[in-house]
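One structure is given below, represented as structure tokens, and several questions about it will come after.
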Amino acid sequence: MTTRADGRADDELRPIKITRKWLDHPAGSVLVEFGRTRVLCAASASTGVPRWRKGSGLGWVTAEYAMLPASTNTRSDRESVKGRIGGRTHEISRLIGRSLRAVIDYEALGENTIQLDCDVLQADGGTRTAAITGAYVALADACAHLGVQAALTGSVAAVSVGIIDGVPRLDLPYEEDVRAETDMNIVMTGTGSFIEVQGTAEGAPFDRAELDALLGLGEKGCADLTRLQAEALANG
Amino acid sequence: MTTRADGRADDELRPIKITRKWLDHPAGSVLVEFGRTRVLCAASASTGVPRWRKGSGLGWVTAEYAMLPASTNTRSDRESVKGRIGGRTHEISRLIGRSLRAVIDYEALGENTIQLDCDVLQADGGTRTAAITGAYVALADACAHLGVQAALTGSVAAVSVGIIDGVPRLDLPYEEDVRAETDMNIVMTGTGSFIEVQGTAEGAPFDRAELDALLGLGEKGCADLTRLQAEALANG
Amino acid sequence: MTTRADGRADDELRPIKITRKWLDHPAGSVLVEFGRTRVLCAASASTGVPRWRKGSGLGWVTAEYAMLPASTNTRSDRESVKGRIGGRTHEISRLIGRSLRAVIDYEALGENTIQLDCDVLQADGGTRTAAITGAYVALADACAHLGVQAALTGSVAAVSVGIIDGVPRLDLPYEEDVRAETDMNIVMTGTGSFIEVQGTAEGAPFDRAELDALLGLGEKGCADLTRLQAEALANG
Amino acid sequence: MTTRADGRADDELRPIKITRKWLDHPAGSVLVEFGRTRVLCAASASTGVPRWRKGSGLGWVTAEYAMLPASTNTRSDRESVKGRIGGRTHEISRLIGRSLRAVIDYEALGENTIQLDCDVLQADGGTRTAAITGAYVALADACAHLGVQAALTGSVAAVSVGIIDGVPRLDLPYEEDVRAETDMNIVMTGTGSFIEVQGTAEGAPFDRAELDALLGLGEKGCADLTRLQAEALANG
Amino acid sequence: MTTRADGRADDELRPIKITRKWLDHPAGSVLVEFGRTRVLCAASASTGVPRWRKGSGLGWVTAEYAMLPASTNTRSDRESVKGRIGGRTHEISRLIGRSLRAVIDYEALGENTIQLDCDVLQADGGTRTAAITGAYVALADACAHLGVQAALTGSVAAVSVGIIDGVPRLDLPYEEDVRAETDMNIVMTGTGSFIEVQGTAEGAPFDRAELDALLGLGEKGCADLTRLQAEALANG
Amino acid sequence: MTTRADGRADDELRPIKITRKWLDHPAGSVLVEFGRTRVLCAASASTGVPRWRKGSGLGWVTAEYAMLPASTNTRSDRESVKGRIGGRTHEISRLIGRSLRAVIDYEALGENTIQLDCDVLQADGGTRTAAITGAYVALADACAHLGVQAALTGSVAAVSVGIIDGVPRLDLPYEEDVRAETDMNIVMTGTGSFIEVQGTAEGAPFDRAELDALLGLGEKGCADLTRLQAEALANG
């Protein structure tokens, strides 16, 4: 059996750390760490909703994802300087927004907007899944801050899984991610339903058995993260 | 049992039409129709590769997707006029490129680039899956035109599946797509392996059994499309 | 006497084909073909007018022109990807809009907007004149669809003329266009008045006699096109 | 007979003033005035040509046109601030470039580039024709400065003509321009050949007789401007 | 003692020329010259204020700075063509706006906006200080034109100072500017108070004594400019 | 005597914290805190220099500044989403770059580039001065990492000063900054020379005595910061 470079079991998460209230200004804020991956998730609340939703009585939740230039192995150019947002950034921002909206009751939220900002301070694989996992906690704090806890109909966690050297593994760091034949991101509710499943054959296409193995690992990882989120929220 | 508005069985594709050589200039071109969805797929071949790949002896395949303004129910603004490409367009362009690259042998392609352009002339749901399915045929023609048939290691087809009113269904037209609780796009090789699986809970999260049912439908649909692609390519 | 590569007489149009109702969604749509040049013209109607015209009781007509990347001999980059619209595109969009507005009675149109989209699917010279000629037919269908036929005060057709090897010729394909010493686009009403005349010396400047010959050819070509438009509109 | 607000005959130019060497830095520079219209034309010479022309032994001439914000009746927004160049600006820049290139012998110019900048300091109609007329003089000075007078194969002048209240008139100020039923810009060589003819029906379409009258006026105006350019260049 | 290339004393301004009413359209306009530096300053007045200030009863003053491409030694690219405004341009536009707002009584101005446009026609060092000095005069004319002279609570002038070869000098032309070890721009009111002080060590850092010497020179230069502004405004 | 809201003396810095090696990837990285202001400064080293400097044997240092959306009291829009960088951001990025380049010996650096990224995680006034102060420490670590300590010819620190309610004060938090009549940023070397002085009258213009008082406070503050930087660098 191959062992992982960091000594983890194949179905084991990296050390997860969820630090709430990391910032003073936004309604909710979390520094989430999946091993060396570090994402700052802020949930800014404001009264009112986008124009197309005014007068509906319904709220809105949206998200933006970005990476700091020095967060990556080799410095990445700033998208503000390039003057355009790349496809990957767009994709992940949309994924985070969709994932969190899946547990929002817009009516209970009322005509308020919660804007999530997930900024990657340090990247070591799994930044989008860390972002979703942390953003949920920031969102919960923001709902509490607004006094609309009922707007949250459940919790959300996300994790990456992949096949490396033929072995399905949970929560890939960068070093495994680049070598993965297949790479999948799984977003689930705290009660074990799927919100989003995105699997990509980076190398060879994968068969149904491999797909099933990855889904199983993802279910395990999301259940673990759900527990850690609950613990973080239970502490004050 | 609910019946579909167009009278199809739940696991039945819409009428599929693949018209090759629809354009005179590019090396391969296909007008693909999934019911009323109509996508023009062009494969333009050029010698040389992007700078970062020069001297490697390897080729490159890339794709761009776009919708004509009048292709949609209500006219959409032109992205060239807005001055920026939206997240959805980026996402789909990247998906098409990845899907086709999964069956390319870069070495056999040599230092040539094939650029796929998938322009939606009329949209009625499933434009990205129609684009992938048609683009594969255009790509095959372009490889033949270049005399590098060996660069194709397999075929690719894609189809959408979803759960509408609790029932899993294959190949959703727009009218079903907007009502779907869960929406999934599946990209597969002609030999039945997965290249990409993207499932999203638009309404309620979905459980594992529903996910399995959708995967089964997708496998069926991709197999049907693979056969139709082969027939189209067999006709000279 | 030189003969043309395609065997036409100097004052003869290429085979013209006007296919109405090519799309399901917009109020009017036409696939127009001038030989191998193929332009898809859609006329989308919407209630309301731009802000600067609100409350005036007057309607508005505007146009956008674009080329698909694979429409040209060698693939052209997408303007949405470049993030800016080129001067040529701007120029032609403005020309099409002005040409059609010349036969519109804004009062009869009422506070409605008709947006014309002319997308070149295949380019072989004369794309702007084909676009105007086809757009008029789509516009007529859109006015009928809105029940405001009175908004059309006449018809519009356009054709290119040029001097090739010293000989004035009508309706230039790409191969003649690139060799033309002088190139002129003529837009006329169905009753033989001029809406727009744009002549450019690509090689040697032209004298008044040459200019007069070109104007005569243009009058002949526009009259022929006017007849073909009327026939197309007469059929159903 | 209607008289013009400024007392001119219908075929009379406004007072024309051509001031050479208005700037210290560029190889040629001219402040040209057509009545109250004031355009600063600079011709900057540099060794080398754009990449696509390198090694050809041929030179290049290009032009950019712009209006200062306060040049117009009501202040116009700056295109640099809007972040994009409008269609009208593009159109005029291209027209100026084409017009001047019509009298350039690229071989005699050698691998040098002359960049013309035509900046409208004050606008009162006819800015594009003033720009072309002034730019020619700046270009002539730049060719002399480079010691390549042979690169100029002729001279270029331009003037606007139009039909106001049914009367064809030469060199329209803003007040006439906005009332013109038909508006035409004519660019000619010093020897009386046409380089560019652009006529537009702003109101009613125009017939062939009106078109002929406008062309005649344009020929007269360009001949007058040619004489004034020659006088300016003769002085020092 | 080193002498300056143009023979001036170290604390002497270049020849200053302030020409009012250089343009016909804007409420105030000035061509200001500091030696060979020539800046056209226009003050356009309009009723109304930006949205965020509506209903406040207060006016607004803002400024934009730009350089014509041929104003510099070597031609500079147009920012409208590049599609983005550079940092230097932004910085100077903001500086001019702040400087003039320092002498504006918004209440006396009422809900009017004055937009200053400072366009450098020819650059030879000190363009931003010439712009501020000229813009003040254009602003004064615009206030008079609006009949709100009371909106001006004082006058503003600006000058550059620097240390060249160890010697503090006033009003640097380009040739001195590029050689300056330290470069400072000073903006003052007519009564000798500071509005803005911006000093930069281009070469070696500067000590407090040098800083004091530069401030003294700046006070002297601004006093001289204040006198010249008053003279210009006194002449009708 | 007025006391400050946070109880500090008028010439006292906020609690300063300099945490080195906060990130794993870049050659140097510092989390710097001035009270509640928190800036992450990363110094990424790479071999090679920008094109215009190649072959010179000289290195290059450049900087970019940005604020996270949730760093401010009320969320700010992301500049990458707006598609353009604002004037303030440009200004500060340029200031940081100039300040650090003042202590760099390009020859000792060799043909290497150090890119500083200063990202404000939380803003409470003085973000640009905190950024400069922290960036210097990150730069020192990056030079050590490259083995070119000799490339640093000195140290740099920066602090804000201002006049609040008539009293000159050091190191303004946001609450004081918005109330300041005059606001000044001072950048100095460790040996007490000035690199940059930027003073702005936000309210009433300031006289020479006030300017002198502010300069004195700035000298004091920079000396204190220099000591704290040295301590941070001495530890490991």
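Here the chain labels run A, B, C, D, E and F in written order, and each chain numbers its own residues starting at 1.
One rule holds in what follows: a residue touches a chain if its C-beta (ideal position, glycine included) is under 8 Å from a C-beta of that chain, and two chains touch if they have at least 3 such contacts.
As the structure is a prediction and not an experimental result, all values here were calculated from the model.
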Sharing over half of the contact pairs with A-B by residue number is what counts; pick that pair out of E-F, D-E or A-F.
E-F
Distance between chain centroids, defined by C-alpha means - subunit D, subunit F (Å):
51
In angstrom, rounded to a whole number, how far apart do the mean CA points of subunit B and subunit C lie?
33
Which integer distance in Å separates the CA centroid of subunit C from that of subunit F?
59
Subunit E residues counted as touching two or more neighbouring chains
83-85
Output ring sequence (origin subunit A, second subunit F) reads A, F, E, D, C, B
In the complex formed with subunit B, which residues of subunit C make contact?
23-26, 29, 36, 40, 42, 44, 46, 64, 66, 68-75, 78-81, 83-85, 89, 115, 117, 119, 121-122, 124
Quick check on the complex: what are the subunit B residues that touch subunit A?
84-88, 90-91, 93-94, 98, 102, 184, 188-189, 192-201, 204-208, 211, 215, 219
